[in-house]
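Chain IDs A, B, C and D follow the sequence of writing; residue 1 opens each chain.
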Amino acid sequence: MMTGQEYRQSILELKPKAFMFGREITDLSANGFTGANLNGVAETYDMAQDKDLAPLFVTKSTLSGREISRYTHINTSAEDLMARIKVARRVCQRTGVCLGRCGADSLNALWATTYELDQKHGTRYHERFKAFLRRVQDEDLVTTLALTDPKGDRSLRPSQQPDKDMYVRIVERRPDGIVVRGAKAMIAGATAAHEILVHPGTGLGPEEADYAVAFAVPNGTPGLYHVVDRQSADERKNTDSWDKGNVRYGSLEALIVFEDVFVPNERVFMAGETEFAGEVVNRFALLHRVVLAGCLAGCADVLAGATAIVAEANGLGKQMRDKLAEMTYYGEALYAGALGACSQPAATASGAVFPDPLLANVSKWHVTWMPHEIQKAAEEVVGGSLACMPSQADLESEAVGPVVRKYLQGAAGVPVETRMRAIRLVENMVAGPGRLGSLCMHGAGSPAAAKIMVRALSGLENKKALAKHLAGLS
Amino acid sequence: MMTGQEYRQSILELKPKAFMFGREITDLSANGFTGANLNGVAETYDMAQDKDLAPLFVTKSTLSGREISRYTHINTSAEDLMARIKVARRVCQRTGVCLGRCGADSLNALWATTYELDQKHGTRYHERFKAFLRRVQDEDLVTTLALTDPKGDRSLRPSQQPDKDMYVRIVERRPDGIVVRGAKAMIAGATAAHEILVHPGTGLGPEEADYAVAFAVPNGTPGLYHVVDRQSADERKNTDSWDKGNVRYGSLEALIVFEDVFVPNERVFMAGETEFAGEVVNRFALLHRVVLAGCLAGCADVLAGATAIVAEANGLGKQMRDKLAEMTYYGEALYAGALGACSQPAATASGAVFPDPLLANVSKWHVTWMPHEIQKAAEEVVGGSLACMPSQADLESEAVGPVVRKYLQGAAGVPVETRMRAIRLVENMVAGPGRLGSLCMHGAGSPAAAKIMVRALSGLENKKALAKHLAGLS
Amino acid sequence: MMTGQEYRQSILELKPKAFMFGREITDLSANGFTGANLNGVAETYDMAQDKDLAPLFVTKSTLSGREISRYTHINTSAEDLMARIKVARRVCQRTGVCLGRCGADSLNALWATTYELDQKHGTRYHERFKAFLRRVQDEDLVTTLALTDPKGDRSLRPSQQPDKDMYVRIVERRPDGIVVRGAKAMIAGATAAHEILVHPGTGLGPEEADYAVAFAVPNGTPGLYHVVDRQSADERKNTDSWDKGNVRYGSLEALIVFEDVFVPNERVFMAGETEFAGEVVNRFALLHRVVLAGCLAGCADVLAGATAIVAEANGLGKQMRDKLAEMTYYGEALYAGALGACSQPAATASGAVFPDPLLANVSKWHVTWMPHEIQKAAEEVVGGSLACMPSQADLESEAVGPVVRKYLQGAAGVPVETRMRAIRLVENMVAGPGRLGSLCMHGAGSPAAAKIMVRALSGLENKKALAKHLAGLS
Amino acid sequence: MMTGQEYRQSILELKPKAFMFGREITDLSANGFTGANLNGVAETYDMAQDKDLAPLFVTKSTLSGREISRYTHINTSAEDLMARIKVARRVCQRTGVCLGRCGADSLNALWATTYELDQKHGTRYHERFKAFLRRVQDEDLVTTLALTDPKGDRSLRPSQQPDKDMYVRIVERRPDGIVVRGAKAMIAGATAAHEILVHPGTGLGPEEADYAVAFAVPNGTPGLYHVVDRQSADERKNTDSWDKGNVRYGSLEALIVFEDVFVPNERVFMAGETEFAGEVVNRFALLHRVVLAGCLAGCADVLAGATAIVAEANGLGKQMRDKLAEMTYYGEALYAGALGACSQPAATASGAVFPDPLLANVSKWHVTWMPHEIQKAAEEVVGGSLACMPSQADLESEAVGPVVRKYLQGAAGVPVETRMRAIRLVENMVAGPGRLGSLCMHGAGSPAAAKIMVRALSGLENKKALAKHLAGLS
């Protein structure tokens, strides 16, 4: 297994092609956006090397029996699922951001779905995928998932769009592979991954076979490049000021463009079987929902800590205990809900297990509102200085430094700089690029929510029977 | 193990002494209040006899290796804890009310605490308790917990009260046992239990040794009697009308009075060791919080079902799906959170395990507000008829029956009576004796909540360290 | 203007015909349900006689210049509208229940709409209505509004229902009047009114002219009778125990049946003009929404007071201040929102003014959730005794009275009976017939809410223009 | 009255001294931060020149009878107060930000308090203030209020602070005036005001007379300078990209430093009368709370409009109507509550009126949570692109422009740039410098909230009396 430094080197060797502000990023490591994200992913490698964390971060491969990263593991028990949540929380406690190693959950979805695909169609996708997975495990690679299509007019289906490329699709089928065109939006950790995993969208009709495509391509593949997205308050990332709040790590999302990219057969895991498109996405979602809750719990820990520092610096440590307890409640509620879903695993024919579908949707709902409550509590504690405070440059200037230092002092024993840095970290996590809320918006749109509701109602007939029993109707 | 019928017989033989409306209840089975509660507890026995449910309701004793009821089991694994939640939910799905078999959780608290008590003090409480527990298991008895003291002026401690009996206390110590005096309030299922388990209050000082008392007494013991509490809309319980909503089952709470009751030594499990009083209560609470969430999830299932029937009867089945999904969300959130806490068991020296303390408090908080949201959603769906609908007597009368039948008809295919009964069941669970909210008020007072907050903040130093790391301060 | 006693006499002389539990109520005054409601309405008469309240409760008629009750006034200014809210709050502070004098708001809706009807159709409805109103003002009568039709299958329109009588309709047109058939559900104060005002439903098509009918009929009219609805915990109303919580007053709702009732022409205010049906309902709703908020604010005051008494009796007066402040916040928020809507009156051609439509909908939304928050806070303060407390009969019995008196004592200085009565009042207002939530359910159904949303969005184009301006697009 | 252009010129002539990032700002107009704020305030002048808006923005002086800006008016009626709210909303609809002309509300507080001060102490503060106010009205000046002291350790009182300058104080009293030292934090619109009004803090003891100081000083006064605060995402303000969201206007807050500033007697409005310090702050707060609600309602209008544009661009205009209606509800609830408080004015001896204190606190509470709900709804509609979208530079670049244009297209008829600009505006108002939440954090700290609660409970005795009446206890 790689160290953080080896990982970093391995990514740079792939030469991922990325643009930002209309210009190519020539040095991923030096750039404030891609670099902070690399730092974060490298941290996950170093955590796996830490002997205290290794029992959680490292496990045994079901393929090879070798020690592998949990991020490349196929889950076969409740314990595996719960460990995945714990890893997510620990990593976010350490980095405070969404890093984008959720390719881990895509691997599980592809494992289970290619198995069933082959069972039904006599194809050999699962064997191909197994070989791919074996390499990912052995070489300890980062995968990220490219899921969200640009979608154009969302009231139209893929094949109804005026521009047919609004969803990634196969534009050519060759004997040795396929050629794909399109783009995927909002891909977390896009430039920091060795491999990009691509899933199709859901709800495809039989006439949309070209959209039912799943595959893997390495970063650096010809025709594939990234347009890095902006985030709120992102400019500070290119400074070395602690005004950016989180001084070490950063999330990164990008639009990934596929300009007629060739994908060889051994990397193609679905190519036309529309009836399985929904299943692979749904399985990823079951895992992703609970993992996201784990990530948010970890970020909430950091935010609560920074908030507590500010409260103490303000001389209000005791008065703010209720608010800090409230932040803790929501963080632990996210965590408990996710563990609960994982504690009741649902088996698949492939051997992989997934969280209970109904309980995993609890995490989905939690995630749409609890982060806002956590942020709100942090804002109430920190108050106006969250939105109005001089800069590090002011503090360190000759012109106004002494005055800023004088008037920003708080309770005895807390240095001004500690207070200001903690406020900046809260700002980053409430209104900046590390916003908790940002984490939960991937796919938070209302149509998705509507579908979840319908799923949640499975069991309605049973509930009505219970009511009839008690009302004396049966 | 007993059948429901055998259970019923066994309770009546104990001749529990109970009063209501100032008069003694002469036939517990016939009385609408005590009878409905007996019906519910009897149902738990019959469920254990059901071959589909037995794997969940029946387990193997750690004492005897024999098959016993889960309600008498000492939990030694996450699976045990999760099974306890599942039993709670299934029973509430079947009965729609709080029945009061939570003596089950007191047994676990006493098991673990008497063990540690003996370790420290060289006493023999654990051995006594083990013998008692063995009998409870072998004879398949119902235990209920008497926890809440009347407390008088809650701003005063037990020993400061003008009337010293505001907390149950030892008034005499004899060679063969103790004599206790006082009362316990709001005891669920008080008249339907074979054995009443008594816990002390918390926060006792060394001078309050007489209040640090735990013991068990059978129903029917001389000097012990019940004053059955009123509930909202309780009069209907003494009718055989389906206007009562839940036509079969009912909760029951009582003030239990101890008029100088003698408790022989073999039934005394703590008698003066004030430093353990808090622990036994706390351990019970850890279990009780998650079990309560399970109960509420089960009741929420019934309420959602009744609400769905009304929506369909109104011809609004589809329009109300979002509200029904919301009810489902909260019910499953209660369940997932409880399972999550149970999935991370905390071991004790005695071998018994308890839910993770921090995660169990998540259930405590959930329980203070989620039932209200469930009720609110039900009210929005059912609308005005929840508060304004003619009676069963109207429907069946000569005078106005035909008119009521005509004007209360709804969508085709749903009989008027079905609609009315479903509305009555919703009324019962929203504003009547089966109110979800009632379930969660035992101990919902603010001082308790404050203490929980403090506990929840354990770990604050760690959170601050995480924040400093990210702000570049460490 | 009448005294409460004169009012009471005048109603009894009308001999309203009413049934409950399938039997006719022979003495409205003695019956616990109809009697408590009469008490409440009588109180509103006595309040108008009170010289401190008279400036608010009494005003000058725009028809006659004479002093009349505000309940019979046509509002012509913001001050009038705000006074209506203040009356509503004061009355609910005094009685703690919904009494059903909201015919006041129907009078205003009919005034404005009959005026416009005549303008368009050359009919003489407005003149008829003016004569009717003059009598109501001069004789100081109570009117109540019968609005809600039974509706049968709500997914079908009136003319699509299998049974055509699911909405009140004209079954015969005679030279001297009309004959109507049908029923109206959930009519507040139905047996305590001199006059029943009937509005049509909304959304009628041209083919549904027989359903576009508005008129007034006195209680006691042949063919008109009431079936009094049940409420949660209603049996206590027929006792003289203070267990009923509110010992003096009570709300009352009924199904009013119109069995081919003849209405003479001078009492018919709409008879076929379908395009005005929506308007009369909408105007009533504008007033009713804000008045309801005023009523709830008044009830919230009582509930907060009772809750404060319990907190003090428990010795927890100080610890509960935050919760009491929260209850106050929601009560005042209801009131402030209603006053805000009234402060911006919308004029009509008839001279009558109505609250600003958009702001009145704020009250509608407030009313769907704030009462629940108020109730929740009360429950948190009062805790378990809300659902579990012995009865007055227990307290006063020989058998267990002394024990109940001993163990229900609280902080020094608060008599046991005061504590118990206050708890019963909270119970009444949280889970009994005086539930705040009940007040807001009249018409809280989802289809209505959907329409309100659409109305609320009027102005969307303007909002988009503002955004374009700031984004530099215009 | 001045035009926007004249205003701009008049401010630059004062040469306000300001620093940012440790360097002096040499051209206030050109600087992206101070310039955007100047633009916003200039807009308020231009609005007063607009003949449609003039009836609202211009009124008649109670001092001179001349036409003056509402921003300089002393309110003497409910209509005045409500007009103040309407101005606030209209300005925020036009600019989308907090501009900081709330000196208007300070003028009213000083008017009423200096009057009472003189009545009690025989001082001549009111006369001085009247002369000052006359000039402000005649010359149509902008005032801003400097209220919040840095406070150091908030658990200590001003005189207990290790550094005595943590609250602004008089350090020297001369025959012709006073010398003040200290700083004020988070002052909105600090560099765009002609006059800075300074209020003391509250809760001063008799020994803290030097802290009981109120006065006015013009921008540009020797010894007074600004340190401009950072805001989330503030760097974009110094670009001319529409990525900044709000392309024209911006808020600005600063730390104002008073380095031994001399204030001549005619500008001193309090100097030692500690018992009036609380009153002047409290009166400002009564106005400020309701005005803030008006500002937020105006910003909410803009945010709703931008959100609607995005929904339509996504092809989801209809599906998102509920969320847009919800945003509208909260915006109008803020507005209705503020109008309600203003509709019930409380008179003072000076003739100035203020909103009803209890109802004004409703706005205070509204403001702590409703903006969050509005933001949350906007985020749910806009979804992931709020946090992940390429930049304007990307869109316009040769390198990736065509691809960004292709993949960010939405529903037919909405240009890509419109969609992106609208998303950027939402981002600005949800997570950037225009965050609605920021507006409400001035003084949102918990100790203040606690005091408000206590005030809100005034009337508790009355509420208890009402409850006793209904429970039959009186």
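By our rule, a residue touches a chain if its C-beta (ideal position, glycine included) is under 8 Å from a C-beta of that chain, and two chains touch if they have at least 3 such contacts.
Since the model is a prediction, treat every value here as computed from it, not as a measurement.
Chemist: Name the chain whose C-alpha centroid is most distant from the C-alpha centroid of chain D.
Modeler: B
Chemist: When the C-alpha atoms of chain A and chain D are each averaged to a single point, how far apart are the two points in Å?
Modeler: One centre to the other, that is 38 Å.
Chemist: Roughly how far is chain C from chain D, centre to centre by C-alpha average, rounded to an integer in Å?
Modeler: 40
Chemist: Take the average of all CA coordinates in chain A, do the same for chain C, and state the distance between these two points in whole angstrom.
Modeler: Once rounded, the distance between the two centres reads 51 Å.
Chemist: State which pairs of chains touch, listing all of them.
Modeler: A-B, A-D, B-C, C-D
Chemist: Which part of chain B faces chain A closely enough to touch in the complex?
Modeler: Interface residues on chain B, with respect to chain A: 78, 82, 93-96, 242, 245-249, 301-306, 308-309, 321-322, 324-325, 328-329, 332-333, 335-344, 358-359, 361-363, 365-366, 418, 421-422, 424-425, 452-454, 456-457, 459-460, 462-473.
Chemist: So in the complex, the part of chain A that touches chain D is made up of which residues?
Modeler: The contact residues of chain A facing chain D are 19-24, 148, 150-156, 162-163, 165-166, 183, 185-186, 227-236, 243, 253-255, 257, 259, 314-316, 319-320, 323, 368-369, 372, 375-376, 379-381, 383-391, 393-394, 396-401, 403-404, 406-412, 427, 431-432, 435, 437-438, 441-447.
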